[in-house]
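Two complexes, one shared chain (subunit A), two partners (subunit B, subunit C).
Coming up: the complex of A and B.
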């Protein structure tokens, strides 16, 4: 037992060392860390409430009181962006959880059992893939939203229905429902190759139950590509949330989301010179930086976990 | 190979059945009644009832769906319910599709024209700062959100720029680099196509660069490259004739896959630049619950996706004889 733990920890140290040797990846991790901090401590970091308006102080440039200026309704842009980090982190975490809980078991079952189960699950994934990307997400979120809202009203949760929290649920469901298919394919391919290994055969010969073989012997060994794929998709989730909100199907104003902050201001201010810098450029740059960070982080993680790829 | 193609083609109707069923269910059970959207809030219940009957919305789901399929098989994909009142969906799509295809073609040409040379360079100069810069640019290209690029690039390229050289006491201004008016589409031979096509091509550039770089690195370490060098061939010949050709095979595959995407417009780009393509049509339809349009578009894109996947598999065999033998 002790040798095993020591082996593990030393491989972990090597992993961390390889990751740290990659400056862009470290920078990405740092940005992500800052974003998570902003998300958790938003109420304490943001100097104003995200929806507090100063009607006599609109479209003002950045100053000591308002670091990123104020928007057309006199709201502090810095506070809105900090609160936007909370929306983004929440959506990213939840969507990842949803697609993991659907995609990993289905992919593992398909790969392990093969036969008709495999066909059924993979054809289902095929059908999802045949739907045109974001269009399907828009379609789903536009479709389930009134249903979810009505359900909340009917169950006496009209408070909830009006609060805007349901918008999060809709965005998360829509992105998660679409996101699992790629993951399932990946897990299936991994399971197909791992289950041919001797130790799985040995476990099966010993009479270990299927569920235990999958969860204890196969999945842990398929973890690396799953982690890499997930880390690569985090940036995409942040982007999709932004796009949904931009199109008015995602989080609704005044809820702060980077997508709808950009959406609110882009159409109106893109041609007004100084204003567009803090109303469109800065929030856009924040979203871009975060997506950038996730991509670098994913790349770095990939290289650290699979050193043989690059070397 | 023939049986393989046949099997794949047989899968197409099944896939279409499921895709259409899901879309139809989402449309029918989905939000808001198109009739309600059409008539507004003040319509009397009698009018709503009459129109519902007229459009056949009062019938049970399976009858509605069957009617839809029977009509669709005869080439009638229904009518626009709301925005383009009573125009056949087929006509609307026939108007939007060429626009989107043209825009995407320009984007693909840009993507390949920029991405392949970049990837080639990065692969050849692997590990140097050139490689590093190209890879960083690629990640930047896919990270910059379209909703950010749209306003910022439009702003930069449509404004009069003043260049002030204080030291020389010079000041001159250049006019807008790309004179563009939003809400206007003049076809692909107008300067206005450059910006939207470039924004759409960023993703393609990233894919092409990555693939070409990886391909070059893999191919350059192959035995036949060493043989070619050992024979004393000039480096240029080795790279162009032996390495590049093989590295281009996966590029052809990706291009094939992109053909399917040709018919899918990008909402974000088309909406911003006022391009009357498929993306714009889909977006309008989605927002006004005009679900016959959405359905037809989803079906169209699904067919394109399946066919382009099939094409890629066939193409792969044609380009690489080793694969042909294996199947």
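Coming up: the complex of A and C.
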């Protein structure tokens, strides 16, 4: 007969429970969920095309037909905002992927190998940190984009050049290239600490090769801080994309981005009430809500993953 | 019985901010096939560092294996390339560490961890490795192995984890097992269980063991031969019987004298060794035990005695071992 103590609930269940006990975090998660649904199902949710102009129905306030009203070209604001979610989610996902793909391996290598590899990678990261992010995007936008656009035109890929995908590429590249540095630093710190642990020595004593030690033994133990840092940065990316589009160096109209929607309308309707309300404040509110949601979600995730024992 | 491992003149040092720490200073010893060698000494005497150097697990900055040869199966392990040393580790020479609480990766299941060596060195597929892992867990006495194989380390007690470590180490049937104080972190009853398991497995697999400990009681029942280390030197080497029955080095004598004995007279005092071990950064010119030795002479301060044959299969590094013997026999 065996007596065996089993934990009554697995650690995963307790994690979810802790998260659910945090109302702002849950609300944040809900908002993010809605946003993702909007992003995926935009073509079906949005009642109108985002660039469908109705020039006889411009600047109308919210109504049954147009929940958020229409803008200066008669475009439905609700549809534009829903499609804006798609832009935002796309940019966030791609930037996160780029940051992860560059940042995690570089950080892990710097932390595990130390020496000149570490110095090289960290100095590179320092250089990136020294750049104000926006300036960097400006730089890329101003120098690389025209060149790439011309090259695309010349190679007969003029559709690509005109479609606005290049805009996305530039924004993603710029944000990703600046974003990896923070992640790399974090991963490096984790790796430096974890590689001292005895199970890493035990793995080396078994003859496990370096690459496998990093991927199988070290990184899974570094996951928690990485996840938390990433979830905190999601809101940041959304906001950054908003800034860029607002300043006109990100996504260009008619591609719907909350940033450029605000930009177009704020300029035109400055101090014109009530148009400001549904043309500028509502998109702004949406962006702000999403950023808050990401922040609360990230916070909640952090607390769920690293519970304070005193509580 | 042939010689399995031969270490010649091993020197390992650590370059720290405070200076160069001379952890291992010209250590030579051998391990024969199937024998158990005990490596005994106090904390910091170089026993762990020696064996870590043999497996080239010393972190290379700040550590450095300065010189020496480690002959194993006709090759010098200190000279072979990375791929070869990795094929030896966990496969032909395996190591078990002291603290079972931290030696297992907390985010991987037991199955994953024990299977790792099997997949790596024996090329087993996952199902094959899983089957073998369950057999190994049964072999070390883990109950309900089929179910527990998918558990995580935190679901095991300390003694169980150490058994898992042993299973991992023995998974590829190594010729040499290095046990670095495997029972120090466990309570006495569990300690006895672990020692029994190791003894049994040693018989079944016919492997050699280097057992590192500072507990003379543990080593007495385990080892065929014992090397006593001090300040990075081997200062005495003999069979277990000789070490306990006929200790020739003042340090060994001191060690034995500081163990409480069941057959001692009531209220008999323990005789500890006065003083502290020397600073490994600034080793003295002569014998490292000079400051604490009751048998010292002027020569001891000048020249460090080499390890020399004293009596039958009994080596000692002391100028005055004959005095030590004479005094003890009185």
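As a working rule, the second predicted complex is superposed on the first by the 297 of 311 C-alpha atoms of A that agree within 3 Å, B and C clash if a C-alpha of one lies under 4 Å from a C-alpha of the other, contacts with A are read in each partner's own complex, and residues count from 1 in each chain.
Going forward, contacts are C-beta pairs under 8 Å (C-beta built on N, C-alpha and C of every residue); 3 or more make two chains touch, one makes a residue touch a chain.
What you are looking at is a predicted structure, and each value in this text was computed from that prediction instead of being measured.
Participant: Once both complexes are superposed via subunit A, do subunit B and subunit C end up clashing or fitting?
Facilitator: fit
Participant: Let me test your reading of the model: by the given contact rule, A:129 touches which partner, first (subunit B), second (subunit C), both or neither?
Facilitator: Touch partner of A:129: subunit B, not subunit C.
Participant: Looking at the overlay, what does A:101 touch: subunit B (first), subunit C (second), both, or neither?
Facilitator: neither
Participant: Looking at A:155 after the superposition, I want to know if it touches subunit B, subunit C, both of them or none. Which is it: first, second, both, neither?
Facilitator: A:155 contacts neither subunit B nor subunit C.
Participant: Determine, under the contact definition given at the top, whether A:119 touches first (subunit B), second (subunit C), both, or neither.
Facilitator: It touches nothing on subunit B or subunit C.
Participant: Among the partners subunit B and subunit C, which is in contact with a greater number of residues of subunit A?
Facilitator: B
Participant: Rounded to whole Å, what minimum CA distance do you find between subunit B and subunit C in the overlaid structures?
Facilitator: 12
Participant: Looking at subunit A, which of its residues have contacts with both subunit B and subunit C?
Facilitator: none
Participant: Contact residues on subunit C for subunit A in the complex?
Facilitator: 55, 57, 61, 85-91, 94-95, 97, 99, 102-108, 116-117, 120-121, 143-144, 165, 168
Participant: Spell out the residues on subunit B that touch subunit A in their complex, using ranges where they run on.
Facilitator: Touch list, subunit B to subunit A: 14-15, 18-19, 22-23, 26-27, 29-32, 136, 139-140, 142-148, 150-152, 154-155, 158-159, 264, 267-268, 282-283, 286-287, 294, 297-298, 301-302, 305-306.
Participant: Can you name the residues of subunit A that touch subunit C in the complex?
Facilitator: 2, 114-115, 197-199, 201-209, 216-217, 220-221, 223
Participant: Going by the contact rule at the top, pick out the subunit A residues touching subunit B in the complex.
Facilitator: Interface residues on the subunit A side: 24, 123, 126-127, 129-136, 138-140, 142-143, 145-147, 235, 239, 242-243, 246-248, 259, 262-263, 266-267, 269-271, 273, 276, 280-281, 284-285, 287-288, 291-292, 295-296, 299.
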